[in-house]
Amino acid sequence: MEVILGEIATAMASEADRGRVADFIPELARVDPKLFGIAVALPTGQTITSGDARVPFSIQSISKVFTLAMGLGRLGDELWMRVGREPSGLAFNSILQLEQEGGRPRNPFVNAGAIVVTDAILAANQPRELLAELLRFVRAAAGDDDIHINKRVAKSEANNAHRNWALAHMLKARNNLRNDPHRVLGAYFHQCAIEMNCVQLACAGRFLIGAPETALISVENVRHINALMMTCGHYDGSGEFACRVGLPGKSGVGGGILVVVPGRASVAIWSPGLNDQGNSALGTTAAERLARHMGWTVFS
Amino acid sequence: MEVILGEIATAMASEADRGRVADFIPELARVDPKLFGIAVALPTGQTITSGDARVPFSIQSISKVFTLAMGLGRLGDELWMRVGREPSGLAFNSILQLEQEGGRPRNPFVNAGAIVVTDAILAANQPRELLAELLRFVRAAAGDDDIHINKRVAKSEANNAHRNWALAHMLKARNNLRNDPHRVLGAYFHQCAIEMNCVQLACAGRFLIGAPETALISVENVRHINALMMTCGHYDGSGEFACRVGLPGKSGVGGGILVVVPGRASVAIWSPGLNDQGNSALGTTAAERLARHMGWTVFS
Amino acid sequence: MEVILGEIATAMASEADRGRVADFIPELARVDPKLFGIAVALPTGQTITSGDARVPFSIQSISKVFTLAMGLGRLGDELWMRVGREPSGLAFNSILQLEQEGGRPRNPFVNAGAIVVTDAILAANQPRELLAELLRFVRAAAGDDDIHINKRVAKSEANNAHRNWALAHMLKARNNLRNDPHRVLGAYFHQCAIEMNCVQLACAGRFLIGAPETALISVENVRHINALMMTCGHYDGSGEFACRVGLPGKSGVGGGILVVVPGRASVAIWSPGLNDQGNSALGTTAAERLARHMGWTVFS
Amino acid sequence: MEVILGEIATAMASEADRGRVADFIPELARVDPKLFGIAVALPTGQTITSGDARVPFSIQSISKVFTLAMGLGRLGDELWMRVGREPSGLAFNSILQLEQEGGRPRNPFVNAGAIVVTDAILAANQPRELLAELLRFVRAAAGDDDIHINKRVAKSEANNAHRNWALAHMLKARNNLRNDPHRVLGAYFHQCAIEMNCVQLACAGRFLIGAPETALISVENVRHINALMMTCGHYDGSGEFACRVGLPGKSGVGGGILVVVPGRASVAIWSPGLNDQGNSALGTTAAERLARHMGWTVFS
């Protein structure tokens, strides 16, 4: 597999059309669009990498996978009272359905849904307590304690993410937020600002493989999270990802993608340039190539 | 597996809440809600059944799987110029996105998208030629020539499906229909009126298993169709089906569901009562039980 | 006033940007965009004209004013059970609200609402009976029997207006159409194909002035129709028209506009080129100039 | 007219169905639903009143009329670059069109549009400067210096109006807010918390009559504001108000309505209970009766 990863990294390096680096968060806009990293973690713990697989990046929305795991662990199916599990058919930051559908976000991976999940696991705790616990979860999953939150990124988001403020206030207006919007978004912006490199992220994703040696949450929750990653993990580009890659995946605007190969592996890919749906452009292409080369797909 | 299927059939027989039989097509409204059938077809051709697995029913929207297979076979990726491959986030018969998104339906499984696929494969042929070819395809896939179109049902639909007429005219107004709405819907209503029993449908679905012995279309198209069944096969209930069953599936308002277990089996379940999303209520429950019992899921 | 009308006609003749002639109906697409006519009818019956005020044109949606008058005359407030009286905020031919709001169109001037009105006054009659009655009403209002339906235009519409077919089938699907879509649209396309010239239309509009000598319907219905012309008569350009002209008006895609000056006059203007909202571009400008010159506005 | 106002007040006093007092702002929720006041101000300065016409109430959205007058006075037609002048077809606090239409609110009377107007007139000033100027304008219009802002109400709104926070952040995200949401909403909540009684409000509305003796802004702006009150002043109940009352009007959730009788009078009515569209229930009925009795309508 090292040869394949190397070929992919080489091919990606020469791609001219690299998408557009997210520019709405100043801290993210500075990232070099030429960077590309890929890492595969096997259930055994073995990792195979290529490219800039040790350069940390902002995981952004990929953090929603970890908070969802925590939320399902704590609340179980009760969580679905407050957030649905259907594709939204709309952009990741859309507010329209909150207005039309009574304030229950369509799924936990659109921003509104993720904010509700964060509110649910925040409960009556302090944001810093929640963040500490989240870091513990992620570090344990990755088997690596050197994972941190970039506070400059978190602050940069808090000042610029007016869409998220709009979503949080709308959720509050619709009685689907227990905490004050400031408390919830304080936690939310920090969870998005977690930094990991591809190796760490691939390792952290192993709990979704469903193999006995990587179990961290119940088998049922593994299935649910993978199903949601498949149907909703790339927002209004989820169908495209399912067709091209054929594996559950979750993207972040930092350019990272976590891809799960059920029973086999966890893959992290990073390329900062985004496509029109806000998903890593080259990341998707690389995932598609890897899946094709390895014969990895859940659909045949 | 015979024991498991028998247990499921017995359990389903005693369910009080059986959903609501589709009443907008008079011919379908007459079906006995107590019927329940299930059949599993293995790549080898072996079938295991229980319940009313030999009673024919109207496959309705499950026919979209076969026309999509024909469409992809003929037009390849060009088909995606006219129809998308994203979940719509809306009901199966919604017209809203045709107005807002320039007349390109979100995917080939919502009604508007299926009408476009039928228009594409109809091309300049007569509807009867297309229907003959479709029957040849389905019969070959099922290995059974005793599969027919119920013309009373087709006629019943033509007179009552004003939503579909609205969709077809809207597609025509948006220049995404080559043929006249009457020609296209004439073919469409007949394709939906194909009757099969569970054994026939399970056998006909084997080409989606992806096993060498059941190959009928390209591996790539198998992957695409399964991906679309997973993300869009149950309309605005697709996320729910993915979470509960964890397998690609396609439902019809006749109460049938075709479920694909990649690499392993093709399953047909039939129970006429529908849930709020227009998918078979007990059919979903039965699929969930079977998947759980057999450990069949693509997500772990 | 003759001088003013002459000045307006001269100014309009030299305008370079004349909008776009409706091209979706072949018969209408052939009209010369350079034509411009204007006529003012006073309660006394006196008419003042300028330009091509004697050239007949297709009144199209202006016919909705006459069918609404008939509908209110026959059904009274019961009509509002089937059609609302609020601006839609959307284009004249939008289908979206039919899906979202249970099939009750927002007002009688958007296409869906006008189709419902035609269905309501059609009742159990033959379309030809209804059309004969409509012509009697319009001729009596105009005091001119030389007003006819252009059957080539009606036929041209029937073959091309797929949006209207979509609307009618959607209304039928939502149980807000008593008759078959074909019967209703047969009548509707013919009512839109009535041809009048500016003098005839201005005279026909006198019943909306509210002066005793021009009374034809109840004072209450005069008020309602004018209120609806003010708030909804120009679709999603109604607010603009209210601000610029300050008078109730109803436009048609043939380029005509009927403007009511309550208590004073009825005005017909015709210029075939349309703006983005489907309203006569120069017609609006001319109405604005006339209103300014004469001090005609209901708002000060 | 005193007799008529007295009859109306008496009739309203005995109405059982009084609508629902706004409960989303705690301070407003305490108002006695049995109160009813009405005042008519003539161009001469004479006022005729009945009922609780001297009891102050929160004018809420009626303040939008005054800020619009200021905005048009300062920016003229440039204001329409940032806010439209079409009915929205949606509720007063809807956020949907901000998402779908690039952040330009439909008109200055829906909340989003009013927030933009406040932002425009706030410019680089301090909120307190703007509020002082607004009070000067309102007091001058009313000819009464005893008009104040209720700071408890303003504070109560700031803590509870999450919808408005969502709108302001959405406007900011769409680049249609120059100031920080906190600065703009700080001013906005205070403008809504202006308290006036019916006599003061009727007097303050005289500048919209269009009579020479009450002129305060340009005739053109009088026409524009009245046109917008007619088409958008009651949100998605504007068409209904136009049909029933036939006069430009602006409502507030405090239960007040300002009605303009062009050329004749300015009317203020107050009854705290609201209908489904958020407009005073009995206020509308009273306005309809008064208009009918006096023959006041712009539509005949």
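In order of appearance the chains are A, B, C and D, and numbering begins at 1 in each one.
Everything that follows uses one rule, which is that contacts are C-beta pairs under 8 Å (C-beta built on N, C-alpha and C of every residue); 3 or more make two chains touch, one makes a residue touch a chain.
Just so we're clear, the structure is a prediction, and the values are computed from it rather than from any experiment.
S.K.: Using the touch definition from the top, list the chains contacting both chain C and chain D.
M.R.: Joint contacts: the list comes back empty.
S.K.: From chain A, count the fewest steps through touching chains until chain C is reached.
M.R.: The fewest touching-chain steps linking chain A to chain C number 2.
S.K.: Which is it for copies chain A and chain B: same residues on both faces, with over half shared, or different residues?
M.R.: same
S.K.: Which whole number of Å gives the spacing of the CA centres of chain A and chain D?
M.R.: Once rounded, the distance between the two centres reads 46 Å.
S.K.: Could you tell me the distance, in whole angstrom, between the mean C-alpha positions of chain B and chain D?
M.R.: Here chain B and chain D have centroids separated by 54 Å.
S.K.: If you average the CA atoms of chain A and of chain B, how many Å lie between those two points?
M.R.: Centres of chain A and chain B (C-alpha means) sit 32 Å apart.
S.K.: If a residue has to touch 2 or more other chains to count, which residues of chain A qualify?
M.R.: Residues: none.
S.K.: Can you name every pair of chains that touch?
M.R.: A-B, A-D, B-C, C-D
S.K.: For the complex, give me every residue of chain C touching chain D.
M.R.: Contacts found on chain C: 84-90, 97, 106-107, 209-210, 219, 222-224, 226-228, 230-232, 236-240, 242-243, 246, 248, 262-263, 297-300.
S.K.: Report the residues of chain C in contact with chain B in the complex, numbered from low to high.
M.R.: Listed in rising order, the residues are 94-96, 99-100, 162-163, 165-167, 169-170, 172-173, 181.
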